[in-house]
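Below you'll find a set of structures to go through.
Each of the two complexes below includes chain A, the first together with chain B, the second together with chain C.
So, the complex of A and B:
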């Protein structure tokens, strides 16, 4: 009995090497819990926003009968929503085009109460197309300039004043507020860029006659998707350059050195043994760029976007130039319009939440794609 | 030019000459490789070119603002508007003082009937909401009820007719049948209507129940304090009573409450009659000055239009003349030429225009002196803070003290300035610059004079940014420390992409969320009893500085987080290891070694976060409330519950609606220039901080 309670450390339940509960340890624990709580609070806020928008937007986008997706919402452009009541107590809610049809069909049914809700009917096809076009123009331009710049910075340049200048410019460009890009785009792309025209406008900065009735007039493209796309491209340039550069940097020096040692020229080694391996990175860069650009409102407010447009971009256009020089509806601007510029009522809610839901899901899935691509390629490619 | 000599070059020549020089075709002495290099270099310089272009194009519009603004200010002075605004300032200062005292007085009076008023307010809110919800059903119900009455009348008429029908008449049978048919159709309609009315009545009842039971409405009306359960039940009864279709009169309970409230207030007013008289006397004292000012105002307006018409006359004449030259028909040409003739370019006689103002100098002094004395007397009579009981009255007395001082200052300052004032005193260049940079008003499209002072919108932007930063920095930095230093690997891999994900939320979506959801939530939170210590709570508005600040904080968190995390990552591993080896605990290492080493990076992250916040447009445009006024700092920290406008927001809101090249347009570009400079400054500062403070 007495022997059993020995000082044998193996029999002791307590581990002698275990950490002792000290005041410092307790404090550490509390502080790290606080830090952790702060971190998760941020994520909770994000989750709250997502859940709120998804739960309120889903009823507009989905329906309970096949095909389960509200196809009208995706294939029609925004319209005025009409609600009215006939004298015999029947209640109607229709888009404006259907409403006019109904009026023609039932000319003798007196209407007692009639309300119109701007932008609350129809769907979001127009804005979706507009955003896609703007993003496309932007990404083509930005990727071209961004890729070449990053190739220069990473492959050709040596340290010097020019390089410092370029780096400084890129860094400062990244910090410029988006609305300032909007102002710049308005002044430069809408009102200054040279165009070929037979009849120069009066406000043109200067006109160079080219003979044959043609002029090169510095009068700008006007408010159009070209101007908007270029403005966005300028804005997203730093992001694209940074992402492209990262992908070029990830390729080991050995690839270039081996290629050069085999007698390839500089350009041959870049085009054959650097660019192909940088392709996934560039894909990531462009997805990242699209994510950034698709959500921007301020730069396209004065350069490209329209709140309301009856026709889709490809209707009533006879030339390629005409196609690109028209203004478009765009999702972010559409959301701004329905959120702040129309009188609010219960009828505007489905359109509001539906648009925001679709837009957010689109942008967030692109963002998720870019995060995924980055992680995926980083993991897969091991030199 | 030199291409031909190299055309024949191929592999054999290199060995012969033994030189490793570039071969292939050349343009302007540049080989293909050089050209490719130049092509890439040229694209790289696009960034520089764009930055320069932004500077050039913004600056071009922005700096043309100053000459125009100078011209505008000159017209303001020459027309005498500046002189009139001396009096306007005094009146405004007086109004501020008077209205804060007035609010204090009513807060005191209304305090006595607080319970009754709360219930009455809830009643009104409920009824308003009820009206909204039931409007449609109600309209249909009333229509059907009317129709039912008509039908019943018709029915009884028809029945009477049937009874009075003369059996001997020859068409008796036909008429009887006709009437019977009519009665039949009417009674079927009657029964239809009756059932519908009953249905609608049911529906109305349901709707009423729905409104009464929804918590939201109760909170909206009742506010921070809940009335006792007993009165809540009574109130419910009253609402039900007034909602029932047959009763038009107000329920007795409500009438009773109103009477009690009125009685109590009357009693309180009697007790506070001194206060009331003082406030009333204050209101009366300014009247002579007001009528004096309005007289001068109309003269100045006339002067202004004359001056403006003179400054545009030359342009108009030219336009008519040009039109006459290009006119299609002779008739048109003559008409235009006549119009051109009509435009007289004659400089107004500024001295004569301003004569009335110089003459009124004495009168102004005569008017303001007794007002000042009277105000001093009256101000001494108002009750002290100790004598009042409500929070609102106390706050407003505090504000009144500030406003009284401001009034005194305005009067004494104006006394000097009015003496100095000359309509022909030239406006110096610094004056027109400071009028923009320190102007306290941004007023466009006004019938009096447009002011372009950046201070109101700058303060708005700045306040919002400060709130956003104070909220975002602790969260972002603590999250970065946690993720980088403390979290297990698995958790890191989850949190980092998640926070990056937040960065991708489009700002317009956040703004939308703020305007439709968060604003309402925040206001509801601000009504909660135990949160009343927070300055500015309870908030009356949905769209406020606080709302915008919190949303922007959420936007800035990913930026600050990512950059801080990078900075922490750059701290050499050896630092941490050494610290741990010395026996420091994990947290001691983090806070005494890692964070201080990375502090430059953290500061740079905060600065760049600030840059992102101040340049953000959509959230503030949607959520900040868009009120162009310097927030009222007399409320202390409660200023965060006020709406404001921002530099980014004002460009987005107003640029679409102004004429290209107008003063307003240029003012907006000037604001853009200020934003651009701020962003460059912030970037510059961030780089400096990184270089200077970097310890590694």
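So, the complex of A and C:
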């Protein structure tokens, strides 16, 4: 074509801009299809998970008659589900407590076939309460340590190799597998941290006598919700510290300078001209991080969680210390138990899917809340 | 140059300052910079052998090309450079009202209450106009409504902003125009009644009209405050300042009355710069 300089071929053709089939054009199309396929694949996975869980879990949680929500599922703790058939061919399915009652009421009806399905009856009140308590402890500890650390790192620490190393160490924590955190929690919080006691345990690492019969014993808190909450907090800390530091970095240097130039002390300038504007970002990012660890199983399975517990945390407890020193049931561990540790049958399914459904909705609404908070605060505070 | 400084120090009454406020007597020196070297990083001095005196009630302008150290010196005057851990004065001393401000006895917080600063980029807090101006007093523990009201009104009036904002003191300071925001920052600075106001290129982010307003404001403010202003704009220096210091590559080349610096500088380098031959 390039030899016809004087006679431009473009002018001869009817549509000079008509599409031409070229290799570059084809590659463009292929790339666009691949990229699109990748995105849709994720969408497909997400849709499958949601639809599967909702379709199988919703029947456990909702019912067709008022109040439309299966309240028992939320107010009772997990029980063994009993199924049996009587001699006269009648078929029964009841929670274990109702089953015992039935046996007492019907001593004359012999049972021909009886099955028990562990954890498949009752509801999920115990695990819900346990998870709430663990998350609460986690929030308090993680926010306190996370905020102080991030403020120190961003506002007080001097720049240098050492602080870079500290930051790197913190960031690396984020990549540690959750089971390692679980084992760390077991070793540190359950078996090592010092406690005041009159009767130190045999296995205590060392005991410092304090006089008056008291001892400071390095024996740990034992398996309890404190240990679980602290372990979760340690696990979420890297995320919180990173998020909080980002929020602090986003505050213009001018605010700090202006404040200092007016004669504010360092802490005055941080607390009055930095934190108020960084706080929304810190909070939402922290909530998002905590939502994720609230769903973790491994960190709590050695440190806090029980598969089954008859009493709710506030039953039979007479001190605050006693309250926090007990083990609890927890949603992720409950789901693990009903999904992997009991024989599967059609009777275990409603509990499995119901628990997963409720837990998923819970975690997702918390995440949605954090996003909502962020948008809300961003609108209010601008610079 | 140091000879000239000495001469001035010896006979201040002879220095023919034209500043209108100082007709009553000889100029009173409030800031003395005495043979100062300064470095951000050890071994790399960005200010060398700086000596100067700044008189009360005058506007002193620091001019010079980028990187000449004029902002650095300004930030030494209220120790804002303390924010940079490795930055330090390696030689000489800076005395404000006769006190060495880098003396360990000096509380930098107290110093900054007397030496206020207005920054290049206007930076009001995302608070109401009222709270912005009241901020400095509040952190000093003043919370009495009447005192604050009075201080806010006086400062806003001084900053020439009162008429524009008196009906919306509770609305955000960030809702104002750029020029208004910078005047709000000036009001915030003078609300704590400093003796000295440092201005670090206060108009460089503003349009010409806002710049004119701020320049007029500076001329009015010098009745109450000693003002040191860093500027890139030589016309601005001639318009607002009584005395001008020309910096180049960390050295103070020349400091004199503004009219003299711009009409008849004694150093060749100054002349080259102000005539636009470089910089």
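Note that the second predicted complex is superposed on the first by the 347 of 383 C-alpha atoms of A that agree within 3 Å, B and C clash if a C-alpha of one lies under 4 Å from a C-alpha of the other, contacts with A are read in each partner's own complex, and residues count from 1 in each chain.
The rule we apply is simple: a contact is a pair of C-beta atoms (placed from the backbone, for glycine too) under 8 Å apart; a residue touches a chain by one contact, two chains touch by 3 or more.
Predicted, not measured: the structure shown is a model, and the values here were computed from it.
**Q** Quick check for you: in the superposed arrangement, does A:110 touch first (chain B), second (chain C), both or neither?
**A** Touch partners of A:110: none, neither chain B nor chain C.
**Q** Check whether chain B or chain C contacts more residues of chain A in the superposed model.
**A** For chain A, the partner with the higher number of touched residues is B.
**Q** Determine, under the contact definition given at the top, whether A:264 touches first (chain B), second (chain C), both, or neither.
**A** second
**Q** Check the residue A:16 against both partner chains and state whether it touches chain B (first), chain C (second), both, or neither.
**A** neither
**Q** After superposition on the shared chain, which partner residues are touched by A:211: those of chain B (first), chain C (second), both, or neither?
**A** In the superposed model, A:211 contacts neither chain B nor chain C.
**Q** For A:277, decide between first (touching chain B), second (touching chain C), both and neither.
**A** second
**Q** Contacts for A:28 in the overlay, against chain B (first) and chain C (second): which applies, first, second, both or neither?
**A** first
**Q** Determine, under the contact definition given at the top, whether A:295 touches first (chain B), second (chain C), both, or neither.
**A** In the superposition, A:295 contacts chain B only.
**Q** Under the contact definition given at the top, report the residues of chain A touching chain B in one complex and chain C in the other.
**A** Common interface on chain A, chain B vs chain C: 265.
**Q** In the complex of these two chains, what residues of chain A are touching chain B?
**A** Residues in contact with chain B: 24-25, 27-28, 31-32, 34-36, 38-39, 41-43, 45-46, 49, 52-53, 85, 87, 89, 91, 112-113, 144-145, 148-149, 151-153, 155-157, 162, 165-166, 169-173, 175-184, 186-188, 191-192, 203, 234, 237-238, 241, 265-267, 291-292, 294-298, 301-302, 332, 335-336, 339-340, 352, 356, 359-360, 363-364, 366-368, 371, 375.
**Q** Please give the residue numbers of chain C that touch chain A in the complex, ascending.
**A** 78, 80, 83, 85, 109-110, 112-113, 116-117, 119, 121, 123-126, 135-136, 139-140, 174, 185, 188-189, 192
**Q** Contact residues on chain B for chain A in the complex?
**A** Answer in residue numbers: 32-33, 36-37, 39-41, 43-48, 50-51, 53-54, 57-58, 60-61, 136, 139-140, 143-144, 196, 474-476, 478-479, 481-483, 486-487, 495, 497-502, 504-513, 515-517, 554, 557, 585-588, 608, 611-612, 614-618, 621-622, 648, 651-652, 655-656, 660, 668-669, 672, 675-676, 679-680, 682-683, 687.
**Q** Can you list the chain A residues touching chain C in their complex?
**A** Answer in residue numbers: 158-159, 252, 254-265, 268, 272-273, 277, 381-383.
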